[in-house]
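These are the structures, in structure tokens.
Two complexes are shown next, each including chain A; its partner changes from chain B in the first to chain C in the second.
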Partner chain A sequence: MWSDFIIIGIYLALMFVAGIFFSRNIKNTADYFLAARSAPWFWIMGSVWATNIGFLHGYLAHGGAAYEWGLIQANFEWFQGPFGYILTGIFFIAFYWRASIYTVPQFLERRYGSGLSVVYSLAWIVIFIVTIAAEFYLGGIFLKNILHIPFWPTVLVLATVVGTYTLLGGLGAAIMMEFVQFIIMILGTMPLLFILLHMVGGIFGLKEVMLTQWGISPQYFTVLPDLHHPYGPGPWIILGQCFVVTLGWCAGHQSMVQRNLGARSIYDAKFGYVVAAIPKTLGAFLYSVPMVAAPIIFARSGIFVERADASYGKLILNLLPSGMLGLFIAGLLSAGLSSISSVLNSTSTMIVKDIYERFLVRGRSDHHYFIAGRIATFGIIAASLLLVPVVLKVYLIMWLEQTLIAMVLGPFMGVLMLAIFWRRTNATGSLVGFITGGIFAIFLQQGLGVRVFFQISWWSFVLTFFVTMVVSLLTEKPRLEQVEGMTWDSDFRSKVGLILEERAEKKGIKVTEISRGDLRRPPWYLNIKYWATAILLLQIVLLLFFG
Partner chain B sequence: MEERRRADPKMIIAVQMLSIGVILFILGLTVSLLSPVSRMEPYIRMTFLISVGSILLVGILFSIGGIIRYKRVKRR
Partner chain C sequence: MRKIVFSLWLVSLFIFAGLTVAQERFNDVRQKVADSLTALKTSVSSGDFENAQKHLDQAVSIWESEVKPMIREGVKSNEQFREYFERMDEVDRRLANLSQMLKTQETRELESEVNAVIWGISHHPRGFNVPQPRYSTWDWVFGLGIGIGFCGLAVVFGLYLRKSYYRRYKRQGEDSVLKG
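After this line comes the complex of A and B, so read on.
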């Protein structure tokens, strides 16, 4: 066991030192919040995926759910996730990147004015601070259960490491560490799948034992189950989860989008997001598929699992030898730390750019806002640590986070889709639509007691969409500067990406500062359309195989 | 004035590559040195060696790439 401690200690120390080493390069707000717009597509790919996977949304929670409900949990990785990544990469990222913004609310502000962007910023800042506290809590509890080390010192060490490199190095340091964490998650935790499948006789051996000998329902091995499934009815997964929640998460979650805003070109931003669907697809093999096989291992070893979310820890503790366990825990820590650092960096960006610079202290030097970013990062860490003791114990806090997410994602997708695809949408329509959709989501959740999250998101999306359209038509048209270059139906229409930029430049439209290098076409093997098609075909193959 | 104080994007990528390579290499080396490889079951040993070997390989490749890029940026 001591060797596992050393491995984890060295890993944390390396991240701490590398963060300080990197921070010497950071000089202003563009460097700090957007990594000097330097990130190539492979950085974006690793970083987007690592941001997406944490303790909360990944190994522990998804693994536990897969243990309890079966392969349905893989629909996040084999179906909706890649779908959301690809659609966001192709349809939304170009508009964000071209607008030269720091945050998603800034895009909303340019398109719709300040009302909607402030509501959106404040909702996400609250969600993010609660998320960081929950990730710290889950990380501390996980290490306490696995390695029997005290909770608070563990949380403080994690906070010091992730806080130091994010506070000093900003987005560039976060992206760098997320790439390390991406590699360790993929290469360090993948062996569990092969070891488990070897032990249970492969996928067919697993099905044979569970379906024939144990008499478990075939729905346990179905990715898209029927309408009566209590955890996630298939049609609702497609409508609500895939088209609204996942797409809203991918296109509207500041942490997911901010990595792409730090890309060195519009091509890198888009391609990085699209190919991030590959590790996203692999994610199911890291935590969902192994946990579907876990009941057989537990039954053979006589291990009792009292709670589904503790199953992942028990599995690796009983299966992996010393050394390998240390590497595996480093992989799990990577998942948590990558999420914390990305959310931390995004929250500070939103606080400084959307609130502080916009409303509180205007017109100061760039250096002033750069320092404000670091102070904000420190403040967020402190606030999250204060929330740690109560975050999962006080019902109100998680209720607030869940309600805000339910309230935000459906309405956000409604106004975002109209923002880009219908130039007639205006500020009044979007604000009325967003608030109506948000209130309706709360009414569905609290008033009517709808518990399936994607049903809430779908209906609030539909209502927002129509209310925004009707109110926009009844009020005045948006000004030209609010739509030019911000909508699909602008002066450059019909295609996405580099061709658009070329046409924009020929017409002399100042859309953004595009360097000549960005207008080069990529070679055929780096063509976004080919990769997107191949990844979507892979999802179809997986769905055909697993149903 | 502020334009002069911006970080060099090429230098940022070089430092990132170098740091990633060094972290992965040292981590892979530590894991391989501290693990009781000979006492592992054969199948677990094989997956372990592939896993750690891959981390070491990625670490070495990124370190070399980072050093080359770093030197190239410094020379400019």
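After this line comes the complex of A and C, so read on.
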């Protein structure tokens, strides 16, 4: 046991020191919020995935939900996740990157004006604070169960470590740490799958015990269950989650997008996002599949599980030998800390750039906003800690977070798709559509008692889409500067123009002197479309096998 | 001012923390029962039946005096207690079996019986009880309608985008005029 404590202690100390080390290079807001736009694609890939996968979206909450509802939870990794990564990488990231923005609301502001951007920022700031509280809660119960240390001191230590390196180092520190954590996560947590499957006799042995001997529902082993499933009906997963929430999450979640805004080029931003779908697919084997097998181990070995969210911690505590357990916990802490750190950084970016700088204190020095970012980070940690007790009362944390997100992302995808694919959409239409969709989502959840968040996201998306279209048609056209270079049909020209200008500048010649040879594409093995196709084929194979 | 804000934050943290204690209590007492039963297994495997009996008494005592009243009270207002309420008789029966096994020192089935008790007080996945797949005609109409409708909409939208693109930027050889 002491060896585990030593490994975890060394890991936490390294994270702490690294944050202080990276803070030396931070001089202004671009360094702090966008890592000086210097990240190559493989950093982006690791960082996007490590941001996505944490205690909440990954090991503990996804693992807990997989224990509770079965293989259905794997659809986040095998189906909708890669789908969202690829579509966002191909269709949306280029718009954000070229617009030289810090936040997604800034993109909305350029396209639609400030009204929608402020509403969107405020909605996300609230969700992010709840998200961080949920991460602290999950980290706290995990370490309480594993190391037998009290809940609150654990949460405070986590908050101190992650707060320090995010507060000091900004996005640059977060991205670099996340890349290291990405490797630790995979190497540290993968052995669990093999140990577990060996114990239960493989996937087929597992099914044999559960379906034949225990007589449980076959829907526990289905990725896309039938329409009456209480947690995730298959058709709604495709409509509400795949096309709306996950796509909206990948294209509209500030933490996910901010990693790409820190990329050194458009290509790195797009390619990094698309290939992040590979580790995303792998994720299901790290936490969803093991947790489907977990009930057999719990029942056979007499392991007590007090609630679904604690099941992952209980499993590894009883299965892994000392030493390996420490490495595993370091991997899990990596996941949790990287997610908390990125959401922290993104929330402070939105507070400073979208609210403070625009409405509260304008025209101050860059250094002023840089300090404001650090103070905001501290404030967010404090607010999140206060929310932890509220989060503790929720029966399945995954459900709470996804419901909140579904309420925002349904309307968001409605206005974002129209922003990019329909020039006629204007500021009034988008604002009315977004607010109508948001209110409708709340009515569905609170008024009609709709419990499946996939349905909430889909219907609020549909309503937003049509209300935005109708109101836009009834009001005046957007100005040329609001659409040129911001919509899909005007994008191609500006893209080629920018590439030409960039290359001419590097060579010190005029744009007209650029030869065709300068417009060469990357080699085939780095072609985004080939990788995207291969990843989507892999999803089809997985779906056919696990259906 | 800063000190006041910090103190207020700290005080509110402790107040909120107090609210979570009751929530954790139900988990902690069940954990104690599980720990006692695990210790019972260890004692039996080393042949120490006297100690094993002590651990069983401890487990039964916590079960009777703390866990069962909490379940009975909880199920009145919270459906999350339902699963434990329905398994109470089974846990009682298995605990009685364990007591009998220790008296007769017949331990072949003891470990599986202990594990069954622990599993009985654990949280079971809700996915175990999801009904079998059942599709109605309406499901098929709904599913296919949305599926085909979505594909149709995607094709129409794609054609619209293509048309609007070439209307704005002429094909090669034609005048490329940017319109607002």
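To be clear about the criterion, the second predicted complex is superposed on the first by the 498 of 547 C-alpha atoms of A that agree within 3 Å, B and C clash if a C-alpha of one lies under 4 Å from a C-alpha of the other, contacts with A are read in each partner's own complex, and residues count from 1 in each chain.
Here, a residue touches a chain if its C-beta (ideal position, glycine included) is under 8 Å from a C-beta of that chain, and two chains touch if they have at least 3 such contacts.
This one's a predicted model, so the numbers in the text were calculated from it and none came from an experiment.
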| item | value |
| --- | --- |
| Fit-or-clash call for chain B and chain C when the two complexes are aligned on chain A | fit |
| Touched partner set for A:366, first chain B, second chain C, both or neither | first |
| First (chain B), second (chain C), both or neither touched by A:295 | second |
| Contacts of A:10 with chain B and chain C, given as first, second, both or neither | first |
| Once both complexes are placed on the shared chain, angle at chain A toward chain B and chain C, C-alpha, multiple of 10 degrees | 100 |
| First (chain B), second (chain C), both or neither touched by A:264 | first |
| Lowest C-alpha to C-alpha distance for chain C against chain B (Å) | 20 |
| Chain B contact footprint on chain A (complex, rising order) | 3, 6-7, 10-11, 14-15, 18, 21-22, 25-28, 30-31, 35-40, 43, 172, 175-176, 179-180, 183-184, 187-188, 190-191, 194-195, 198, 264, 320-324, 326-327, 330, 366 |
| Complex contact set, residues of chain C against chain A | 9, 12-13, 16-17, 19-20, 23-24, 26-27, 30-31, 33-35, 37-38, 41, 80, 111, 114-119, 121-135, 139, 142-143, 146, 150, 157, 161, 164-165, 168-169, 178, 180 |
| Touching residues on chain B, where the partner in the complex is chain A | 2, 5-13, 15-16, 19-20, 22-24, 26-27, 30-31, 34-37, 39-40, 43-44, 47-48, 50-52, 54-55, 58 |
| Chain A residues touching chain C - in the complex, by the definition given at the top | 67-70, 72, 151-152, 214, 216-220, 222, 225-231, 235, 239, 295, 298-308, 310-311, 382, 385-386, 388-390, 392-393, 395, 421, 423, 480, 484, 488-490, 492-493 |
